[in-house]
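After this come two complexes, each holding chain A, first together with chain B and then together with chain C.
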Partner chain A sequence: MLQCTINGKELEVKPGTTIIEAMKLIAHEDIAHYCWHPGLPVAGVCRLCVVEIEGNPRLQIACNTQITDGMKITNQSEKVKEAVKWGLDFHLINHPLDCPICDQAGECELQNQYMKFGKYDSEMAEPKVKKHKVVDLGPRVVLDSERCILCSRCVRFTDEVTKTHELGIFNRGDRSEIGTFNGRPLDNKYSLNTVDICPVGALTSKDFRFRQRVWFLKEHQTICTGCSTGCNVKVSYNKEGLFRVKPVYNEQVNGYWMCDEGRDVYKYVNKPARLLDAWMTTAGRGEWLHPLTAAKKVGEFLRAPENKGKSVALVLTGQHTLEEYEALISFFKNEVGTDRIFHWVNNPESMNDFDGLLIRGDKNPNTKGLLETLERHGIKTEWKELIDGLSTGAIRTVVVAGPENQAVYPDFKAKVLELSKAQKLVWLTACKNEELERLQGDVTLIPLKTYIEKDGTFVNYAGLRQTVKKGLTVVANAMSLVEVAEAFKGVDVRPEEAPFKVGVGRVNNEATLQRGSL
Partner chain B sequence: MFKLSEEGLNYVKSEMARYEQKQSAIIRALYRAQDENGGWVSPEVIQHLSEVMDIPASHIEEVATFYTMFNKQPVGKYHIQVCCTLSCAMAGGRELTDLMMKEAGCSKLGETSPDGLFTFSKVECLGSCGTAPMLQINREPYIENLDEQKAIQLIRDLRAKAGK
Partner chain C sequence: MAEVKYLTEHYDKPEYRTLEGYKKYGGYEQLARALKMERQKIIDEVKASGLRGRGGAGFPTGVKWGFLPNNGEPRYLLCNADESEPGTFKDRLMMERAPHQLIEGMIISAYAIGAHKAYIYIRGEYTGPAAILEQAIREAREAGYIGKNILGSGFDLDLDLFIGAGAYICGEETGLISSLEGTKGQPKLKPPFPAVQGYLRKPTIVNNVETLASVVNIIRDGAEGYRKYGTEKSAGTKLFSVSGDVQKPGTYEVPLGYKLMDLINNECGGLKPGRKLKAVIPGGSSAPVLTAAECENATLDYECMQQLGSMLGSGAVIVMDDSRCMVDILSTITHFYHHESCGQCTPCREGTGWMEKIVHGIVHGEGKPGDIDLLLKIANNIKGRTICALADAAAFPVISFVTKFRDEFEYFIKEKRSKVKGTKIYAPMHH
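Here is the complex of A and B:
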């Protein structure tokens, strides 16, 4: 271990640690920087992270200088402040100040650094160099070259992380621009990470751009339910719903990154995709009911002596939390008296695929948790038994839970057709679906909460348990499976709501409501 | 589609073997490919080199766009690069360019004359200030100590040489 002093703080660091790592990650000191990113190799191009080292006549860049024993480092001296200030001036020479129409505004490193370290009167009299704007880089990313400060983070990302090498810095001097060779698209499964790591508004996401200002958004940390990797993510939301998903660092799971598919997962959480109330057909006539009423009616039916027992089947997907599986399986085993509990596997042939980075073929967050719970209850069934039981009439009632994310269930339509052979079908689902609405006969649909709206535990592919917390409520009446199981027992549960409710109060201009007085 | 000749391919391979990193051979390879492609580096050239050298096309494009010696647009048979940095400019490099362009039938810098022979560029210092004004044709040795008569004669000679 090496001894060093950073801004007066005594530190012990491992050999090989760079000054910026010690500063940001160990000493938690503020240091200006653009090009350095902990998940990428060092480039040393922005020259903003300069520090003064005692005994060294010149300022050094913190990102590419390793700590030696006894080093005394500071970035608080006037010399450093001056260097950073004028370094910023150079970065902003050709930067258009189009913050009012820039998507990065509010989370822009140029704005942040300027307010912290800049605040100078610009001495540039030259006209700004014009470059390409609104370049369609690929299916998900848009480039504005003028805003780019050439930190090369995105280039290093495609070179080192995805190893697809699409991006490069072309031309020279102040005509340098980020681009792709011969207009090829930036089309890889992780392309939106370049937007995350872009410190300015040069790379923007097609999905998010011009939809919300970031200061109208709150963040909630959760787990991505797009596949069994279980990346740590944060969703940005406000009273209109969810707007985007970004990765959160977790060394054990996803590092700094997440895939592009996972960023689409939020879409089904928003109201337009959701089932808002329960739909129940009785004696050939359908009606909309409060979900609790519907669930209690279903519960009464299931617990009735003439319907109980092995004629009831439960179908589960890998999309719910451990707690929910436990509650529902216990209810069916103990109160209904059936062990016909089936696991709906959405893509058996690609279940074990892995792309080498993050994306796994199992498109469920909790398949492992479901299998564990089933095993603990000693339940071992095969899908074929369900189909046979339906055709022979041995299974008359089917209760299906999920899936939440129907987009990753290519066999959804086929399964609906198969299961609709049951005399009574109860489908617990978060999202509405045409196939389900078209069903004739004795069908009940009960709206479920999504992963943002409930507490619970997911077990990822490696067996790591990760918890999600409820952050916001999109559909007020929707129930979690735990609540559904309670309601099945006849308990008057009120669906618990998250502290934040979507679609309440004024939308669009929420910040004005929260503004304090001067 | 562009393809290096067999000799060219061998040259590129031997250059790659010369350096510790094969990236170091990019400039050499680009020069060779530019010569074989009639004086300019087209996207096909870069694509071909990328395959031959097993380096991502974007990395080769970075080098090709960084250096002005690689032409990103087609040029005529004679790419005339007139130095217009300080010494040459003061000795009349810019006026000579206009004169030669008129003689060659070129209307704009960077445009090729209708007979396909000449393309003119103004370039930065070529390092021969003592013999200003001077120019370079393609990658041939410099032509120095120019004056009006010499410049016009040069165009006429080149045209005669090309048989037009």
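Here is the complex of A and C:
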């Protein structure tokens, strides 16, 4: 271990630690920087992280200087402050300062660092350099070259993380601009990470831009349910619904990144995609019911002596939490008396796929958790038994805890058709679906909560248990499977109220639809 | 002492360019001798000779060679023939007149440092010298000076010419390496230094054309013989490219320590009739300018130039007489550095453009009071704040011009015309 002093604080660091790592991650000192990112190789180009090292007349950059034993470092000296001030000014002299219409405003490092280290009057009176605006880089990302500070984070990301090398810096000097090579758009499965790591408003997400000012958004940390990796993420939301998903650092799971697919996971949480009330068909007539009422009715039916037993089957997907599996399976085993509990595998042939970075073929957050629970209950079933049971009439009632994310269930329609052979079909689902609404016969649909709206545990592909906490309620009265199991038993679970009136939620707004050139 | 013909002894003979002609005057004899010497002996000899890098930085060559780590990795020798410092044209002469001298120097140097692959990185604009070098390399290869088992010594060396696309920054050694690697010519972060991790991340030595050519003479005459010329700290001779307001501009070889005014007055035939000396840039456009008074006793060596706050640089002496407007000249210089900044580091990328805009504003009558101080502030805040020395190169002329000729700048800002009568502004308006 090496001894060093940073701004008067005594510190012990491992050999090989750079000054900026020690300052930011160990000493938690403020240090200005743009190009340095802990998940990327050092570029050393923004020149903002300058520090003064005792015995060295020249200021050094903290990102490319390794700590040596006994080093005395400060970034509080007047010399450093003056250098940082000028460094900031050099970043800003050609920046358009179009903060009022910039999506990054409110979470922009230029704004933040100016407030922290700048607060000066610029002496730049000369005309600014003009560069390209609204450059379409790829299906998900837009570039504004004038806002760009050329920190090269995005270039290094495509070079070092995805290794797809789409981005480069073209031209020279203050005419430099980020761009893509001819005919090769920024189109990889992780492209939106470039927007996250862009410290300014140069790279913006087509999905998010112009939809909300960030200061109107709250954040909730949770787990991505897009696949079995279980990336740590935060969702941004307000009373209009969820707006975006961003990764949260977790060394064990996803590092600093997440995939583009996972960013779309929020879309089915918003109200337009959701089933808002229970739908129950009895004797050919359908009616909307309070979900609790519907669940209790179903529970009564299931527990009735003439219906219970092995004629009831339960179908589960890997999309719910451990607690929910436990509650529902216990209910069916103990109260209904059936062990005909089936695992609906959506993509058996690609279950073990892995792209080498984060994306896994198993598109369920909790397949491992489901398998664990089934095994603990000693349940071993084959999907074929369910189909056979339905055709022979041995199985008459089917309860399905349907997938939350129907988009990753390519066999959804086929399964609905298969299962609709049951005399009574109860489908617990968070989202609406045309196939379900078209079903005839004795069908009950009960709205479920999504992963944002409940507490629970997911077990990822590697067996890592990750807990999510309830963030917000989008659909009042929607139930978790735990609550459904309670209601099936006849318990009056307290209905959930939305903490504020949730609006319809904008999936698209006019600005995103009518962008003209884009 | 006056002009010498030490490195340039046979430059007046056209056949010296060919292998046959070169051999007639003792060519490749030193190679044969060197290949029988121990490697360390050659390095020691170069160290003892006091040879310093002739490209601009003046770093002792033998010491640089000594930085190579003994880790068994392949090593590379690169010859920097980018010669991009404005005002410099001595390497071109060397490559045109004596390509084999460079090649011989490179083979000896490669043998000394244990490199089996060497490149000459030549700037794209030098099509003539490139063709001559190509021919010479072919001749040397056919004669067995390049290739396997050179002169039966068991030493292998492959030597190739690489033609750049013409960028100032590719004369910076790590920029050169990037360009040679096939990426954008941008300097790399140091550390690691090229001697440790250079071309293809392998130990690499980058030396200037003149430096490598000098190695032949050092082998021939020994360190002591080489030290016959020059001063204690600046040993040997150096080629100076003199341009500007002198009667006979051109490349002159003089021993280091030679008087600047003697070079101007004797070798270059003095100033034009009736003109007075105003200023001299002694080492290429990035070297701080010297006033006529400072030139008075200046000698052409590393110590004196450092004392005067300037540098010997690449030995490009740019002479300006009293018909020159310093504001106009600075506007050309700032334009050059703005154009050539690679754009990697923010202070240089943005600062060079800003300085150019301010100076251009002044020469186009849009100068504002405070511009001079602002120029100084910008220059002082890009200097030393970047990966490579381009920011310094851009800042030094600004600082020295504005400080030493402040009156001309103040006059221009106030009167909106040059203090020097008859000045025509050629710099285009950029905005």
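Just so it is clear, the second predicted complex is superposed on the first by the 493 of 518 C-alpha atoms of A that agree within 3 Å, B and C clash if a C-alpha of one lies under 4 Å from a C-alpha of the other, contacts with A are read in each partner's own complex, and residues count from 1 in each chain.
Keep this in mind: contacts are C-beta pairs under 8 Å (C-beta built on N, C-alpha and C of every residue); 3 or more make two chains touch, one makes a residue touch a chain.
Worth saying up front: this structure is predicted, and the values here are computed from it rather than measured.
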Does the superposition put A:E166 against chain B (first), chain C (second), both, or neither?
first
Touching partner for A:T180 - first (chain B), second (chain C), both, neither
first
Can A:T281 be said to touch chain B (first), chain C (second), both, or neither?
neither
Of the partners chain B and chain C, which touch A:T381 in the superposed model: first, second, both, neither?
neither
Please name the chain, chain B or chain C, that touches the greater number of residues in chain A.
C
For A:V42 in the superposed arrangement: first (chain B), second (chain C), both or neither?
second
One more residue to check, A:N250. First (chain B), second (chain C), both or neither?
neither
Footprint overlap on chain A, comparing chain B with chain C:
168-169, 171-172
Over in the complex, which chain B residues touch chain A? Could you list them?
43, 46-47, 56-62, 65-67
Seen from chain C, its contact residues with chain A in the complex are 167, 184, 189, 191, 338-347, 349-354, 357-358, 361, 368, 370, 374, 377, 381-382, 384-387, 431
Listed in rising order, the residues of chain A that touch chain C in the complex are 42-48, 50, 58-59, 64, 82-83, 86-87, 90-91, 93-94, 123-127, 129, 149-150, 152, 168-169, 171-176
Quick check: in the complex, which residue numbers of chain A touch chain B?
159, 165-172, 180-182, 184
